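What follows is a group of structures, each given as structure tokens.
Next, two complexes with chain A in common: one pairs it with chain B, the other with chain C.
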Partner chain A sequence: MKAIEKFDMLHVTDRVLVAVSGGKDSLAVWDLLTELGYQADGLYVGLGIGEYSDTSGAHARRFADEHGLKLIEVSLRDEYGYDVPTAAAATNRVPCSACGISKRHLFDKAAIDGGYNVLVTGHNLDDEAAVLLGNTLRWDIEYLARQLPVLPARDGFPKKVKPLVRLTEREMAAWCIVRGIDYLVDECPIAAGNKHLAYKAVLNSVEHESPGSKAAFYLNFLENMSPLLAGMSVAGKDSLHSCATCGAPTTGENCAFCSIVGKAAALDPVPVECVLGKSVGKSLSKRARR
Partner chain B sequence: MKAIEKFDMLHVTDRVLVAVSGGKDSLAVWDLLTELGYQADGLYVGLGIGEYSDTSGAHARRFADEHGLKLIEVSLRDEYGYDVPTAAAATNRVPCSACGISKRHLFDKAAIDGGYNVLVTGHNLDDEAAVLLGNTLRWDIEYLARQLPVLPARDGFPKKVKPLVRLTEREMAAWCIVRGIDYLVDECPIAAGNKHLAYKAVLNSVEHESPGSKAAFYLNFLENMSPLLAGMSVAGKDSLHSCATCGAPTTGENCAFCSIVGKAAALDPVPVECVLGKSVGKSLSKRARR
Partner chain C sequence: MKVLLRNPSREIELAGRRSVNSLLAELALPREAHLVIRNGTLVPGDADLAADDLVEIRPVISGGA
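Take a look at the complex of A and B:
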């Protein structure tokens, strides 16, 4: 794959952990890496988003079984006493924000605990372009500086790579169809109406008017802008220390994940229906945040 | 006005030339500057866009007459032997591009010839945000670096300022209504469907979802990004010399304006109807170009 070489993402000696949701992108990237000869295990995080999570887990497990691959599973509810709908209700964060914080923490932890030196996610061109549009509309220099297809390991964080950044959603769906990968087609019900999806729609309308715009937007950013922003991220400069509760690297006393656990684990489970529509127009995606 | 002070645009001793189209923005900025006590003459360039130009010229003249202001007039057809529809047909440029090159050249020339030290245009927040979106979608560093509300004078170019960059289209229309300014409401018929208008529509949809986004996009760019891009423009570094034909500063042998004159002035006039629809999806606005 061109992206893996161009951005120096992976080496055959790497121990790779792929974050797997059961959707097309994560299953496709796991499939691709395995085909290319990389040693890649999967990680599935059960987010407790009702039937959606049940189905997504089933897709991830079936893919792993059929391909003889190892899938590590973590359940927010079983292991941390909460789920995404309850976290959304317990905190002032919109659901997609609480979900993102939970996933990032558990991805990092699983990679470090399991001795993996690279964490792979299935973010595709549409994802990255939408996040870039959000960061650009605010000209958030900190986020723009960190929006890279490869983030090197630092402190307690694994190296993070996104091999699909040059490929569109439609290309990933096509790959799954060609390869006979049975993925979860449905979008997360809580995400409906969030800004990330709104930005995708905006870019699709621009792409419709001017084919090639979406790829140019993201790839020209990497080519023309990222070098100018190198070193502008304060993340690398802030002194990190260990979270007082879990030991994960953080700039505060407790990490954002433990803050959510502290608020949400004490509550009775909140049904997913109670947080539907809470993402509309408020949940600017924080996917660019490391 | 906050923009004039914040960006150090004008001083009361300046001799100001306002580019006036007969639309709401240019008449409003002329009105505002006069009210604020600046000595500001107007410049109207007759572009020869059929009935649209006839009407726009009448609005500009009426405003000048009613306010006892001096309006300098230049006619592309009478003085240079062509008009925008003919230029569009004669060159490979889309109409909005040929129009922009013609206007910029004549604005600069009128300012320099008339001894004005500042050229004012009525670009508003919507205009600037749309141009910024276009430049950002391509990450054109050269254009981004030059997209400023004030460009200092250099070589044969006057200082150029845009006092309305903090104000929206709707605010300018409201100003005209409150002040009883009779402006041309119609958009240029040739511009219909161009990318500049498409970018405005995109930003309006984002603004509808997240009120304040449009102003944040443009003003955060100036605040966070422009300082990082300072000095990235090669325009200030290129050695300019005099156009072999007209003497205007240019990087080539002949300036872009004289190139259009050379091709278009020899042709029979092309009716505006023949170039309608030629801007659709092709005429990425070059307004950011100096």
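Take a look at the complex of A and C:
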């Protein structure tokens, strides 16, 4: 694949861990990497988003079974005493934020603990273009400087790569259908109405009027803007130390994940229905205050 | 034709034949955000859909990042 070579993402000797949600992108990238001959295990994090999580886990397990692949599973509820709806309620965070923090921490931990030297996620061109649009609308230099298809290993973090950044969401869905991959089509009930989806709709509208715009927007950002932003990430320069609770790298006394665990594990489980529609509105205002 | 829509899952019945692009336009669904599967096979925008076809319109946009 062009992205793997161009951005020097993977080598055949790497031990690769693929973050798998049961959706089209993560199953497609797992499928593509194994087809290309990479040794890639999967990691599924059970987020406790009701029936949606039950179904997504079933899709991930079925794919692993059918392809003879190893799937590592982590359950937020069973192993850390909370789930995403409860975390959102306990921390007053947007659910997608609590979800993202939890996943990123557990992906890093599983990769480091398991001796994997590369963590792969299924972010595609549409995902990256939508994030880029959001970051650009806020001129968020910190996030823009870190929006790269490859993040090198650093201070307890594994190398992270996104092999699908040149491929559209539509292409990934088509790949799954043609390959007979049974992925979870239904959308996360909590994500409905979030800004990420709104940005994607805007970009698709532009793409309809001017084909090629989406790829040009993101890929020319990588080509022309990323080099200018190199070294401008404050987080990338901050010295990290170990979280007082779990030992993960952090800039604070405790990492964001342990902060969520501390608040959410003490609560009774919050039903998914209680946080539906809460993905809208807060994230932008929170970021704007930074 | 029977048309299966997603998010939320529902089924509608439409009379007559039409192309994939016409069907999507009629339902105000952007082509960039959807794939169309006819009787289990992925079909392009200019494919004709017959009155007795089973059609699934599958959204390809997901909200996580």
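Quick note on the criterion: the second predicted complex is superposed on the first by the 282 of 290 C-alpha atoms of A that agree within 3 Å, B and C clash if a C-alpha of one lies under 4 Å from a C-alpha of the other, contacts with A are read in each partner's own complex, and residues count from 1 in each chain.
Just so it is clear, a residue touches a chain if its C-beta (ideal position, glycine included) is under 8 Å from a C-beta of that chain, and two chains touch if they have at least 3 such contacts.
Since this is a predicted model, take the numbers as computed values, not measurements.
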item	value
Of chain B and chain C, the chain that contacts the larger number of chain A residues	C
Partner chain in contact with A:205 - chain B first, chain C second, else both or neither	both
Contacts of A:169 with chain B and chain C, given as first, second, both or neither	second
Touching partner for A:216 - first (chain B), second (chain C), both, neither	first
Contacts of A:230 with chain B and chain C, given as first, second, both or neither	neither
Contacts of A:36 with chain B and chain C, given as first, second, both or neither	neither
First, second, both or neither for A:188, with chain B first and chain C second	second
Chain B versus chain C as contact partner of A:267, first or second or both or neither	neither
Interface residues of chain A shared between complexes with chain B and chain C	205
Residue ranges of chain C touching chain A (in the complex, touch as defined)	6-7, 9, 30-33, 35, 37, 42, 58-65
Chain B to chain A touching residues, read off their complex	136-141, 195, 198, 202, 205-206, 209-210, 213, 216-217, 220-221, 223-225, 228-229, 232, 281
Contact footprint of chain C on chain A as seen in their complex	21, 23-25, 96, 99-100, 123, 126-127, 130-131, 169-170, 172-174, 177-178, 185-188, 191-192, 194, 196-197, 200-201, 204-205, 207-208, 279
